[in-house]
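In the two complexes that follow, chain A is the common piece, with chain B as its partner first and chain C second.
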Partner chain A sequence: MSGAADREAVFPTRQSLGIMKAKLKGAETGHNLLKRKSEALTKRFREITHRIDEAKRKMGRVMQIASLSLAEVTYAVGGNIGYQIQESAKSARFRIRAKQENVSGVLLPAFEAYQTEGNNDFAMTGLGKGGQQVQRCRETYARAVEALVELASLQTAFVILDEVIKVVNRRVNAIEHVIIPRTENTIKYINSELDELDREEFYRLKKVANKKQRDTAAADVEAKKRKELLEKENETPDADHATGPTDLLAAEDDQDVIF
Partner chain B sequence: MEGLLFNVNNGYIEGIVRGYRNGLLTGTNYTNMTQCETIDDLKLQLGPAYGDFLSTLPPNPSTSSLASKTTDKLVSEFRYVRANAVGSLAKFMDYVTYGYMIDNVALLITGTLHERDTRELLDRCHPLGWFETMPVLCVATNIEELYNSVLIETPLAPYFKGSLSHQDLDELNIEIVRNTLYKNYLEDFYEFVNSHPDMAGTPTAEVMSELLEFEADRRAINITLNSFGTELSKADRKKLYPSFGLLYPEGTLMLSRADDFEGVRLAVEGVSDYKSFFEAAGLGGGPGGPGNMAGGSGSESRSLEDMFYQKEMEIAKSAFTRQFTFAIVYAWVKLREQEIRNITWIAECIAQNQKERIGNYISVF
Partner chain C sequence: MASQADFRDRQFLAVIGDEDSVTGLLLAGIGHVTAPPDNQKNFLVVDAKTDNSAIEAAFENFTTERKDIGIVLINQHVADRIRNRIDTYTQAFPTVLEIPSKDHPYDPEKDSVLRRVRRLFGE
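Right after this comes the complex of A and B.
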């Protein structure tokens, strides 16, 4: 057998043949399902890649505007206000909510940004001069962070999907190239073993039949001989039928000898 | 009459400051700077004016280090002038530094309020507002100690006294504290130039009054505009307006009642300069209010703040047409600050490759 090494260690019996056939069927169904899952994931993956590309470009633009607005603040306030801003910020205005999205059985985290209303910690910064630039800069950066959050959620999904697609593809390949051939091999092996057994059995039966025939033939010949002999013996007493001592044998003559 | 004896004490200073004024960048310099492709080119263009200060910078320096080096030059020149000043000019120059001192003290108060190590804040303080005993303020760990140290150690005590107690530092927003101090400072400065025997009735009083009045009006208008939409009440807002200036008292009263941009515009109607500013900004800024720096919409429409800066620079420039006055020192510092802002802005535009807004600097020479 060619694939002798690549088969499962089973006894070639009809029962295990049945098991193997069921296994093959299961493997094929599983293969189909996984393949479809992998395709769905890949489709999603491509879509996400596309959106990441867009989001990155958008981020570039938004960040550029944002950093220019920071430059405006520096210009208008005429100094570094970073420290004041850091210190006057007490609670986060820009928050993130995490939720899950289900794509063919894969849970993808999605981040949703929202701004808490009425939380304006440094509304008074730059009251004397540059206050409006500070506020506008804050708005621009809020938009920039929004873009970042979107990008982050996409990137996370990207990484997770990548991982999952790899796993699924590995499974598909394993089923396609290892499990199915191996099961098929096993089935073939069991079949061939069973055939072999069949042939052996047939041969044995033939032998037995032959032997029996021979035996019968020999017995026939024997019987014939004996019959002929008997007939010869019978013919002699028949000639002198009246003789008494022959009566006993004559009675026996009524029965046929059956072999 | 003032010309007779002015040069005895102050002639040298005046000469020096006029020399410095000639060192300010001109329109041609700015045009050259806007043509630069990299920060290094810009550095080269700044070579004649700032060479010795910029030489220590690494290639392609950040805009903030550029700004700090150019500030260094201003500070060292200011210190030189201050060291040579005597009598009332010295006092006058001290007054100029008080404004920066207020910023520094506000910074330290912020740090103390949030229980930060205020020592590291000393580096962030504006060097012009540095006073010898400032590190002492860092010893204070709570706001009451800090309040007492400020009263004892700094010349700002009169600005605190009477209007702010140490509880106020805890409760009030730091910006209100800062603006209260600044209001007191401006009023005191105004009082000083108009009542000191060496200055009252001289060109100094005349020019400085104009400068300070403009500053007061600008702050009043800015505070009003910036307070829309915040929790600053009208009564509190009113307390932050300096009690002099072209708008005082009718204009400031109307400002204190203003609810929106339109209200501010009505309040300043009486002063033709401001009126024209508001008309220009109202047209350019649209209904969203007076967009300062014209939020990305291009360089041709100038924002209110831009026009204020422009006006301030023009007043400062015209201060140099007068002789025998201390005001040129103040004007020179202001011009120099604007120059630093311009350089930072241009450097920022070059660094970020945003050439379309690079013309937003203000040049008066």
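Right after this comes the complex of A and C.
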């Protein structure tokens, strides 16, 4: 990962540094939450897969018993009743209803079997003989179908959870491996740019200070020179004094010495 | 993912299987025939003479076209005949469930869902 390339296109200002820091914090919080969600879902998922395995085995047994009771019916009725049953099937007595369950914000549907009252398509089946066997067979198959419905809802939950877990894990990974490093890179970039600006600023200030110092030094020298000059000018009349005769009264004409 | 309203009105089961399985399940009371104009049955009896294309068409009909079916039961040996179609079916609704039949013992290795379970646990 090249540090320069993988960052967001922002201007290195203090404001965007603040934004990036907030973003990093948000990403970390989101990452934590999603990770926890994924863990909760995975836990549920494992439980379901375990139950599916169990239910599939149970289904094998139940179906075996059911087929046996159907064989009994065939034997008792003394012929194949399949055709008759297929023709007389009109309206479903055994129906399912879907309800929902919420697991960490994922809606898992669950089927629930129920039997509608009062319609019986097979009232005439086994009227001649084998009515009892037919009745027993119906009950056995009803139980088998209940087991199947339960298995179906587990399976639906399995398929949905599988998908949701994939999506959540993808998000967790995206945040962990793309968004967080990129935001960190951006923060680093902004910081380095700001430091660079600081250094430039400091250097500039130093330059300015140097120049000011030099200027003051020059001004001092100038002032000193002028002072010396003035002093010299003051001294010259004194020298005249010394050479010539001193008129004390004429001293009133002396210039004021101003420093 | 399936929408909320989608599975509200799915209240029937459908069967694709050999005669015995279908007969038994019909006896339990899952058989349903829709109102006269189209007379659609929710079950299909498959025997040695049934074409694979007919099975596929029924499967297609139960899974994608009809909106009132919540669970599709299919005999495993029938599912084997359209195995590719079943393996690529990944929707949550309706649920496709492979069931054993009288003449063909149940083989968990072939079940598309159980295979996914196994693959997930790295077996």
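FYI, the second predicted complex is superposed on the first by the 234 of 259 C-alpha atoms of A that agree within 3 Å, B and C clash if a C-alpha of one lies under 4 Å from a C-alpha of the other, contacts with A are read in each partner's own complex, and residues count from 1 in each chain.
In this text, a residue touches a chain if its C-beta (ideal position, glycine included) is under 8 Å from a C-beta of that chain, and two chains touch if they have at least 3 such contacts.
Source: prediction; values computed, not measured.
After alignment on the shared chain A, the placement of chain B and chain C results in a side-by-side fit free of clashes. When the shared chain is aligned, chain B comes close enough to touch A:Glu72, but chain C does not.
Of the two partners, chain B and chain C, it is C that touches more residues of chain A. In the superposed model, A:Met20 lies in contact with neither chain B nor chain C.
By the touch criterion stated above, A:Ala144 is placed in contact with chain C alone, chain B being left untouched.
Superposing both complexes on chain A places the Cα centres of chain B and chain C at an angle of 10° as seen from the Cα centre of chain A, in steps of 10. In the superposed model, A:Ala89 makes contact with chain C only, not with chain B.
Of the two partner chains, neither chain B nor chain C is touched by A:Ile175.
By the touch criterion defined above, A:Leu41 lies against neither chain B nor chain C after alignment on the C-alpha atoms of chain A. Contact with chain C, but none with chain B, is seen for A:Thr156 once the two complexes are overlaid on the shared chain. When the two complexes are overlaid on their common chain A, residue A:Val103 makes contact with neither chain B nor chain C.
By the touch criterion stated above, A:Lys129 is placed in contact with chain B alone, chain C being left untouched. For the pair chain B and chain C, the minimum alpha-carbon spacing after aligning on chain A is 5 Å. Shared contact residues of chain A, touching chain B in one structure and chain C in the other: 64, 67, 71, 80, 125. Put simply, chain C touches chain A in their complex at residues 1-2, 4, 7-8, 10-13, 19-33, 41-43, 45, 70-71, 73, 90-93, 95, 97, 99-102, 106, 108, 111, 113-114, 116-117, 120-121. By the touch criterion stated above, chain B contacts chain A in their complex at residues 63-64, 67, 103, 106-107, 110-111, 113-114, 116, 121, 124, 126, 173-176, 178-179, 182, 218-219, 222-223, 225-227, 229-232, 240, 289-293, 295-296, 305, 337, 341, 344-345, 348-349, 352, 354, 357, 360.
Partner chain C is touched in their complex by these residues of chain A: 49, 52-53, 56, 59-60, 63-64, 66-67, 70-71, 80-82, 85-86, 89-98, 107, 109, 111, 115, 121-122, 125, 134, 137-138, 141-142, 144-145, 148-149, 151-153, 155-156, 158-160, 162-164. Residue ranges of chain A in contact with chain B, taken from their complex: 64-65, 67-69, 71-72, 74-76, 78-80, 83-84, 87-88, 120, 123-133, 136.
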